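Each of the next two complexes has chain A plus one other chain: chain B in the first, chain C in the second.
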Partner chain A sequence: MIQSLPDKKKIVTFMLENAVSVFLVGFIIFMVFTKRSFSTWDNIVNIINESSIYGIAACAMTVVIISGEFDLSASSVFGWSTVLFTLCCNTIGIVGAFFITLACGALFGAFNGYLVAKIRIPAFVVTLGTMISIKGLAYVVTKAQPINTTNATLRAIGNFHIGDISIIPIVYLAVILLFFWFLRYTKFGRDIYATGGNYEVARLSGINVVFSKFMVFTMLGAAAALAGMMYGVRIKAGWAPYGQDLSLYCITATIIGGTSLLGGNGGVHKTVIGVLLLAVLFNALTLLGVSGSMQKFIRGLVLITVIMLDAVVVKRQRE
Partner chain B sequence: MNQKKVIDIVRNNGIILVILLLIIITSIIERNFLTFNNLLNVLRQVSVVGIVACGMTYCIIGGAFDLSVGSVVSLSGVITILSINAGTNEYMAILYGLLAGVAIGIVNGILISSIDGRTGEAFIVTYGMQVVVAAIALFPSNGLFISGRISPGFFKSMGQGVMPIVIFLCLAAFMEFVLVKTKYGRKMVFIGSNLHVAKMSGINVKFNRITFFAISGLLASLGGIVLCSRVTSSNPTVGLNFEMDVIAAVVVGGTQLSGGKGSVLRTVMGAVIIGIMGNALNILGITAYHQQIVKGLLIIVAVGMDILNKQIKLREMAHDTVFAG
Partner chain C sequence: MKKTFLIVLSLLLVGTMVSAAGKKEDDGAKKIFMSSAYYTAPYGAPLQEAVKEKAAALGYSVQIVDGEENADKQLSQFKAAVADGYDALIYWPGDQASSPPLVEYLNSTKLPWVALNTVVDDSVIDLVPCMIASDEVEIGRWLGRLIIKYFKDNPGKTKNVIYIEGSPGSSYTENLTIGVNEILKGSDINILNDHQYAQYDPTKAMVIMEDMLTKFGRSIDLVVVQDGGMFQGAYSAIQAAGYVGKLGLLCQGQDLIVREKLLDGELYASVAQDPFTEGALAVEMLDKVIKGETIEKWVATPTGAIYAADVDKYRWF
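After this line comes the complex of A and B, so read on.
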């Protein structure tokens, strides 16, 4: 009897931790049996291709959340990158465009990182401010118009397929492996866990916490830029409002995967599952004919639910 | 010593001084800028942002944050206009709009206070709420613009002439009074500066925090209704990015985002100064998108200066103790 009490508590905690994932898996099984078009090969390929673009940014967002922060400006960096990438493709060619866009994204990230890590302004203020500013910049440069590209190389890359899989999931896979290795097997990766777990203890034990926080934001900037470029490759255009829901999506996917908003635990492999679950959910909703505003409603609701569950679990563990 | 005082003033009011400089330059370039009519016009424009910012100030002083206000502005407008179009009494229609705002505020408050959330958690939860409420505002008209069938009356007068300014300033004066002179206001400052100590000293923290969010929701919906009355129609996406203007007004006014310190009157000043700045930039021919860049950086600089000032003060205090001891 005495033994069984903590076990019961553990089970409840486990249920709370994974409630959303369990619900989503149940939903997927329900869809497989009720909707024929859901479990076809074409749709599965579609889901993989769709989830890969945001997944690239979600991996980096996970690293930021592990370090105990979060970033809202990723969505604007994404939109700005589609614009810059297309503009540069039209003028200086795709190789130059790739490196300029990547560097620009990293620069925006570094700006966030410097203000958060060094000046110690709260991350939500900094990233809220840069979110508005970078979006404004993208609107100013394009005069709010979408830009098309006729770059032949870009088109060739966009149409390149191995089997049914385009180049984007391959890039996504590379990003996952890179972040997984980096977080688990490098000293710097472990430093990020320590920084997010207990900032003061990490600092006192000689970890360069300022540099860790600075770098996670820089990496997210670069990853959001990479994701933006992949989007540009897919639809061969750039526009400022693209990717507006990116930050929301990334934060939700990370927490559904099981990385706590508190920081210090979790991992990229978990986020991959979170991204996949969300992608399947929205694909299924589209197949069921749910309208755009209803999907938006559900998206917000899922975020609130996972944050609340995460917070409740943390509170229970503390007690 | 005098020189030090001047440096202190510059440090504490840096942004306001820069904007004053902008105002002086604009008034030299454009004669019509500093006229009574133009200033009245600016005041009318900022009154909606100001009303919402007063509620946000309460929320922030109480140690939380409300990102959902923009969507509440949209939703309350939609509800009020739809009710009036359906033939409801205009007072009831306004009440429905206000109730929607209070309800959303209470939900925010219950969610956040039940997890003892501080600014960070409140930020993300209300971010989710922002998306949810924005979607709800889209449902009735499928995202389309709704024109109101409004006959002259109380509702129509709310947004005309000097009424928005009167509502805004009276409200701000009342809220400042409550903040400074009542038990409730003092509790708010206490909770915002230290949640746990406030809890241990026997304050009903949960209930009080829910009321902060409810007030924020109430004023956001009031702002939405005034806005609707001014344009006699409602647009379900009118509140998009509205929270940015509101936050800018609060932080430029000087309310600390970490909670426990701030004032409604300073928020009024922040809202007016930002309104004048926008007007000046318009006169100088700077587009709305350029202004967006400025506004984002303004939020960062306002908070950054505040934090740097605090660090400098700490250093000076340490310096003084070393040399005194």
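After this line comes the complex of A and C, so read on.
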């Protein structure tokens, strides 16, 4: 009995510190026993596909949040990229479309990064402005009309599957590995943690904090563009309003995963759990027959619960 | 305090999930699944209620989810529904351009399905078993006819109109404007403003109307608004500026505010687009598809002018 007390405390600490993963595992077990259709291969593939497109941008948003910032304009870069990619696919072909869209997304991100890192304008103001203007630009270019494409190569890529898994989850996996390696095993990745943890201390330690912040926004711009192109691969259309909930989704997934909005800690592996939890939750609520209105309520409830859980864990650690 | 709050939240979450999971499905009833791109739109709520009512009347159970104007999300929702063994599907698309992959997927399921409200892309329209939608251009034509009739009933020196539209790029908005322009072509009616989009948002419509009143003031003879929700916003601006009764008002829709202003004599007329009929028709047509009966490829929701004397003939929301 005396020996079991520390073990019990360890288990409780472990459960609290990994609460989201524990909740996810528990929820999956609950669903497997409640709904037989949840664990069918088709549904598992559906969950993977559903989480992949926004997941790509969520990985990059995590890096921005670790650096102590956030970006509201990712949703507009996403919408713009669906438009540009579709237009380019219809004119110059898919290879040119890919590189132009990616470069354009990175350019938008770099513009945000320059204003935030160099000019020192708050990210909220900068990205709010670019969010509105990029969306406006997409409306102007398309005369507000949605456009679609019948590009044969794009269609072939969209129909390409490896064991029912489309190309989008494969791209998502590559992005996860890239960001995981970048944050954990490169000096630049560690500089981003230091910049987000304490900006002044990082600057005085010789870290190029301006460059770090500039680069995280550029990476997010490129990732949002890549996500927009993946949406184009799946839906074969582009329109300015597409992905308007992307920024909020990415921030939500990052927070749920356990990365602090204050910066300096967290990781892409945590965000992957957050993205997966959201996808499983959306899917499960649909399978459980929950109406659209109730789904919104439950999603909000999960977010608040996880944030509260995080606050309890932080308090426990301090004590 | 934090711990207590967390425990309460967790219990609430678990309770909600368990009650959702524990819902009994109707024994033997066929299950219909509907993904609504405009779940939270004012027009969506009565339409979805009508779907539920009609489905219950015909002995079906129905689940309606929010597609959030996101074709990718709608595709995932349909895939989840198919995995869960639903018997029939209703698809309310968000826009035309993104509809082809969904239409192809829905056909690949071999399940009975119908499309509702937003007309799908031309490239796949022949692949849809049944499209239940308003003839949007015809609604626009009715607005045009009422504009002409208004000036016939209220002759003046000028025929200046402010015209407030819905969302840029939305097929509904565009088609209404096509219908209006078709009727007004060659007339001496003058639309004062360029395209002004309030995006079906009453607040945006109010701001646009305030700007229009500032810019054109007493030279405005008639204000035309593309839907009842936006009419509410525009009316607030007109009322605040003291212009009620000094200019004509015309809109489309069956919102309660429209009924109220028709009865007050402040609104000249409205154009019918009945979400209740549209929702009920969708389930009726789906029922016929399920039973293998022959149906028309396009079922149009009835439309026409509504005057104050007609309000009791319509349902309002």
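Criterion: the second predicted complex is superposed on the first by the 259 of 319 C-alpha atoms of A that agree within 3 Å, B and C clash if a C-alpha of one lies under 4 Å from a C-alpha of the other, contacts with A are read in each partner's own complex, and residues count from 1 in each chain.
The criterion applied here is as follows: contacts are C-beta pairs under 8 Å (C-beta built on N, C-alpha and C of every residue); 3 or more make two chains touch, one makes a residue touch a chain.
Not measured: the values here are computed from a predicted model.
Of the two partner chains placed by superposition, only chain C is touched by A:S37; chain B is not.
When the two structures are aligned on the shared chain, A:M215 is found in touch with neither chain B nor chain C.
Of the two partner chains placed around the shared chain by superposition, chain C is the only one that A:E50 touches, whereas chain B remains out of contact.
In the superposition on chain A, contact is made by A:V290 with chain C only, not with chain B. Once the two complexes are laid over each other on the shared chain, residue contacts for A:P146 go to chain C alone; chain B is not touched. In the superposed pair of complexes, A:G136 makes contact with chain B only, with no contact to chain C.
Ranked by how many residues of chain A each touches, chain B and chain C are led by C.
Once the two complexes are laid over each other on the shared chain, residue contacts for A:V312 go to chain B and to chain C alike. In the overlay built on the shared chain, the residue A:F70 is in contact with chain B alone; chain C does not reach it. In the superposition on chain A, A:I304 makes contact with both chain B and chain C. For the contact definition in use here, the residues of chain A common to its chain B contact set and its chain C contact set are 139, 144, 293-294, 296-297, 301, 304, 308, 311-312, 315. Contact residues on chain B toward chain A in their complex (touch as defined above): 65, 111, 114-117, 119-121, 123-125, 127-136, 138-139, 142-143, 241, 244, 247, 251, 257-258, 287, 289-293, 295-300, 303-304, 307-308. In the complex of the two chains, the chain C residues touching chain A come out as 2-3, 5-6, 9-10, 12-13, 16-17, 20-21, 23, 25, 36, 39-40, 63-66, 68-73, 75-77, 79-85, 95-98, 100-101, 121, 123, 168-169. Chain A makes touch with chain B in their complex at residues 70, 72, 115, 119-122, 124-126, 128-137, 139-140, 144, 248, 251, 261, 293-294, 296-297, 299-301, 303-304, 307-308, 311-312, 315.
Against chain C, in their complex, chain A makes its touches with residues 30, 34-35, 37, 40, 42-43, 46, 49-50, 53, 139, 142-148, 150, 158, 231, 234-245, 282-283, 285-298, 301-302, 304-305, 308-309, 311-312, 315.
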